[in-house]
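Consider the two complexes below, in which chain A is the common component and chain B and chain C are the respective partners.
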Partner chain A sequence: MSPSARWSLLAVPAALLLGFIYLWPSLGLFRTAFNETSATGAMIEALSLKVWRELMADSFTYELTLNSLWLSVTATVIALCIAYPISLFLFRTESRFRGLLAVMAIMPMLVSGVVRIFGWLTILGDQGMVNSAARWLGLISTPMHLLFNWTGVTIGLAESILPYMILALLAGFGRLDRALEEASRSLGAPPWRTFLRVTLPLSLPAIVLAAGLGFVLSMSAYITPKLLGGGRVFVLATEIFEHATTNANWPMASAMALYTLALMLGFLALANVLSRRLAQ
Partner chain B sequence: MAYLELGGLAKRYRDAVAVADVTLAVEKGESVALLGPSGCGKTTTLRMLAGLIVPDSGRINVNGADITDVPAHKRNMGYVFQSYALFPHMNVEKNVAFGLEERGVAANERKERVATALDKVRLNELAHRRPRELSGGQQQRVALARALVIRPSVLLLDESLSNLDAKLRQTMRREIRDLQRSLAITTLFVTHDQVEALAMCDRIAVMNRGRIEQVGTPADVYERPATRFVASFVGSVNVLPADRDASGGLIVWGAPIPGAKSFASGDTDVFVRPQRMRLVAPSEPVAPETPHLKGKVEQNIFIGDQVETIVSGPGGQVTVQSLSGGAMPCAGAEVKVVWKPEDTLVFPREAS
Partner chain C sequence: MTGAGRALSLVATLSYALIMAPIVVVVVMAFSADSFILFPPSGFSLRWFKTLVSNAPLMKALALSAQIALVVTVLSLAVGVPAALALEKGEFRGRDGLRGFFLAPLLLPTLIIGLALLLFFTPLKLTATLPGIALGHMTVTVPFVIRMMSTAFSTLPDNVEAAAATLGAPPWRVVWRITLPLAAPGVIACSALSFLLSFDETVISLFVSGPRASTLPVEMVRYVEGRTDPMIAALSVLLIAGTLAIVIIVERLVGVSRAVGQS
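Moving on to the complex of A and B:
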């Protein structure tokens, strides 16, 4: 056996696990999407495109798609604006607390999503920290509605994808070399010009990669839109769950899940191509 | 007043002194090497000059103007980085044009100056290549063109040749030197390679532990080293611990060293360069004023055009370097090692 073949044996346990918990159910999903649902709600074994036709004919599907896209894009952009400076700082700092700071930045990943949402409820609620502070400062007289609407979901989602984006940015900053920025300065570019002409272009691949990840995570997020949306925010992920549980329409849930998956894969592939082109 | 003046520059980090006190004057058009071992503060000094590091104290003057507090982008220094630091997302032409664009030079003049600069380093044909498509030597030349095209007041080179192979380094050394001379550009360059320093500059500043130990022409520094450190860092040297006789004369391996006096207090070492030593037969008469040691040949080491002969005697070993091709005494042969009295260097022994 060649050395590289021997090394690849190390991937076998992971491959088996993934095959079992991911590939197998996905295939099941794929199969279910071509079943039919009877009038009573029972699933009928079939090989038809009936649910697909229903899905594609329903204008609500497109509304959900636009909702999901809009939410994902805004959450990603907001998270990116926050994650970029943090990552740049973490990437560069020579502080001995660098490790600690990095752990702090990605700490939210270690907390359950549900717990984090309850955190947001106390911060964004009508009597929450934001409204109390704004009222105390005399900025507002009636509370701002920051919960159970798009605002709340966007804020919560942006926060939940933040640590992932910081990690992706840090991993993508490979070509960012301090000497390049120093070269730019020595050639006469003031700091802001250096940022625009050197730092930003060289971190574009990282930005695209992180944005792709943030986007996919936002598209598939369920807990945040569900809990912070208060039943008023409809996106693909919540609707899939709705179909699978409340409506017990598994073929429809499967078809919608596959549709979402295809959408995300498409965007991810696009981000990948873009990132690779920018890296050249 | 010299064109470039560094006065009492110092920089310390939390627990270490990088530069203790550097004072240096460089004339316009002169090329000066900062030579020293790693960690001696030479790169820190260069970076302070470029404005990339803020000194704790001291002043920097260029052409009579104090630029100590001027930010890097307003200093007009051409800095060539050890890693070249070419912008990977720009082609050669854009890299070279960068500094001119930042200075708001008009498009047609810019184009002309970039072309001239690329011409000087013989890279016109590669103007549209990306840096990663170039060899190390070509990248080095782009970095040089990029630094020179802005017509800097001082050219700063940071170990710029250390990433090249030996042969290319030799070519680039001459190329940079010729360019520096023809443009008459004031140049300061940092190196740990004494050959590079000797070959590329008008004067050398030898640095050690954050200070300049000696400034002088290459010949000065080599022939008349001011300190023990300079003597042993620039060129190779035999260090011979010496005893003192009653009248203050020095004794090495039991033999008096004519013309050499010990220091008033403390122990003394005699330094002699291997190239300045000669081997003669033990029977050959030696003038009384010629220093000589008796010893036995341990081995001959052939290093191309030179042969190093290790001679051992009662007080240790010395290395004698001679041109290869002549008859050499075999291992085990008794020999005399002689040198001219003026080649004897004397330094107090280092407290260790």
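Moving on to the complex of A and C:
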């Protein structure tokens, strides 16, 4: 073994460990999706497509798929509308506090998800911040229901994917050339036109990649739909968990997980192709 | 035109308000004197902190989470730092493939990892045990440590190492006396973030926890599902304070955006 190749021995413990706790279980999940479930709920070793047929024949699967897609798209669009100005601001600012502002923008990523969800319960609840403010302003007499429905889940989810999208946008803004914007300004274009004709088109590849990331994160989010949905919001992620734990129907949980993963990979590939096209 | 411009700064300020809102609201709520979620609170008190301290399940879960996070951090560094060294210093066949394998778990949603671990751990009787939950968290922390330490090692100035090697130091001594001390800030920041990642890990824990052993985020989820009173806010304040401390440490040592970025 050459001296330089001997370094590879240092990677052996990590490779063994991840083989044991990541690769092997992942293969196991794949295998489980082709087992069967008996009428009593016990798992039967098999090599069949029975659960897949069940999954595809159930109209609830399509309802869940549409719910997940719609939720993910709306949360991603909302998050993008907030992440874009923040990222552009962080990219351009010459403030002394740029470092602090960047940390603040991605702070939610580091604070426990349950903590932030509790924050949304306080903001959106029937006696929460939004309803109190609206009542005080005389806008409403009965509370608006913003929680335990799609509204609450969409808002909470948009906020939870925000920091990831800000990081993705910031990484993509590297391509933005200030000289082009200044040229546009000096030729007499008003700021809004410079933004629409120069800044926005140049940052489109970054936008598409960030949106792809936000979408994938939303599709697999479990805690937010579960807690802010209050058991009334059904998406693929909540159903996978339900099948795995409460129903103990492992083949179905595995099949649904693979189905969701395939959907996500499809959309991610689409975003990648689109981003590359736009970058040309 | 230099800087951000007035319109953009205004929009950014509004966006910041939205980002910080849930965190700020939780801090105010923690000092509420009410028995339910009412914002703004009708009065302020420390009663929810007292209730929290006397809540046995949550305190037990807090202790277990701290224990698990500590074990996970030590083990993840023990296997992750050497692996990162191998990726950055070694030149062997299949190195890029190995890097891909090490970082792959970061791309898979924790929902899928959690399910895979539940199926794998149940026959082994590892669910709802400290080793089981710790191993579960390591699917996230080990790849994270490898990614962060690879970046840290690759950005070290290599002239000092080259000088030591030229002067006849064997490679292991160069690593021990030069590389690791130079990378010390990165290692400390990496430990702090691994601890945080394990401590806050929720989805994988929900799959592999049980009545016998459950972590703090799992107990918090159960509590919030059952009822909503300001006690979780009191607990959140403690967690936010802990997170802030870690963020400050990491920011001082390596910079938070760089540490958690995807690069």
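A few remarks follow.
We adopt the following convention: the second predicted complex is superposed on the first by the 258 of 280 C-alpha atoms of A that agree within 3 Å, B and C clash if a C-alpha of one lies under 4 Å from a C-alpha of the other, contacts with A are read in each partner's own complex, and residues count from 1 in each chain.
To be clear about the criterion, a residue touches a chain if its C-beta (ideal position, glycine included) is under 8 Å from a C-beta of that chain, and two chains touch if they have at least 3 such contacts.
This is a predicted model, so every value here is computed, not measured.
Once the two complexes are overlaid on the shared chain, A:Ala262 sits clear of chain B and of chain C alike. Of the two partner chains, chain C is the only one touched by A:Ala105; chain B is not. Once chain A of one complex is fitted onto chain A of the other, the partner contacts of A:Arg193 are limited to chain B, with no touch recorded for chain C. By the document's definition of touching, neither partner reaches A:Ala46: not chain B, not chain C.
Taking chain B and chain C in turn and counting the residues of chain A each one touches, the greater count comes from C. Judged by the touch definition given at the top, the superposed model places A:Leu202 against chain B, while chain C stays out of reach. When the two complexes are overlaid on their common chain A, residue A:Val273 makes contact with neither chain B nor chain C. By the touch criterion defined above, A:Ser184 reaches chain B but does not reach chain C. Note: residues 182, 185, 191 of chain A belong to the chain B contact set and to the chain C contact set alike, using the contact criterion stated above. By the touch rule above, chain B contacts chain A in their complex via residues 50-52, 71-79, 81, 83, 85-89, 98-99, 102-103, 146-147, 150. If you check the complex, the residues on chain A that touch chain C are 3-11, 13-15, 17-18, 21-26, 28-29, 32, 82-83, 85-86, 88-90, 92-95, 99, 101-123, 125, 127-129, 132, 159, 162, 167-168, 170-171, 182, 185, 191, 216-217, 219-220, 222-223, 226-227, 237, 240-241, 244-245, 250, 253-254, 257, 260-261, 264.
Interface residues of chain C facing chain A in the complex, by the touch rule stated above, are 1-5, 7-9, 11-12, 15-16, 18-26, 29, 36-40, 78-80, 82-83, 85-87, 89-93, 95, 98, 101-102, 104-105, 108-113, 115-120, 135-136, 138-139, 142-143, 146, 171, 196, 199-200, 202-203, 206-207, 217, 220-221, 224-225, 228, 232-233, 236, 239-240, 243, 246-247, 251, 255-257, 260-263. Interface of chain A with chain B (complex): residues 175, 177, 179-180, 182-191, 193-194, 197-198, 201-202.
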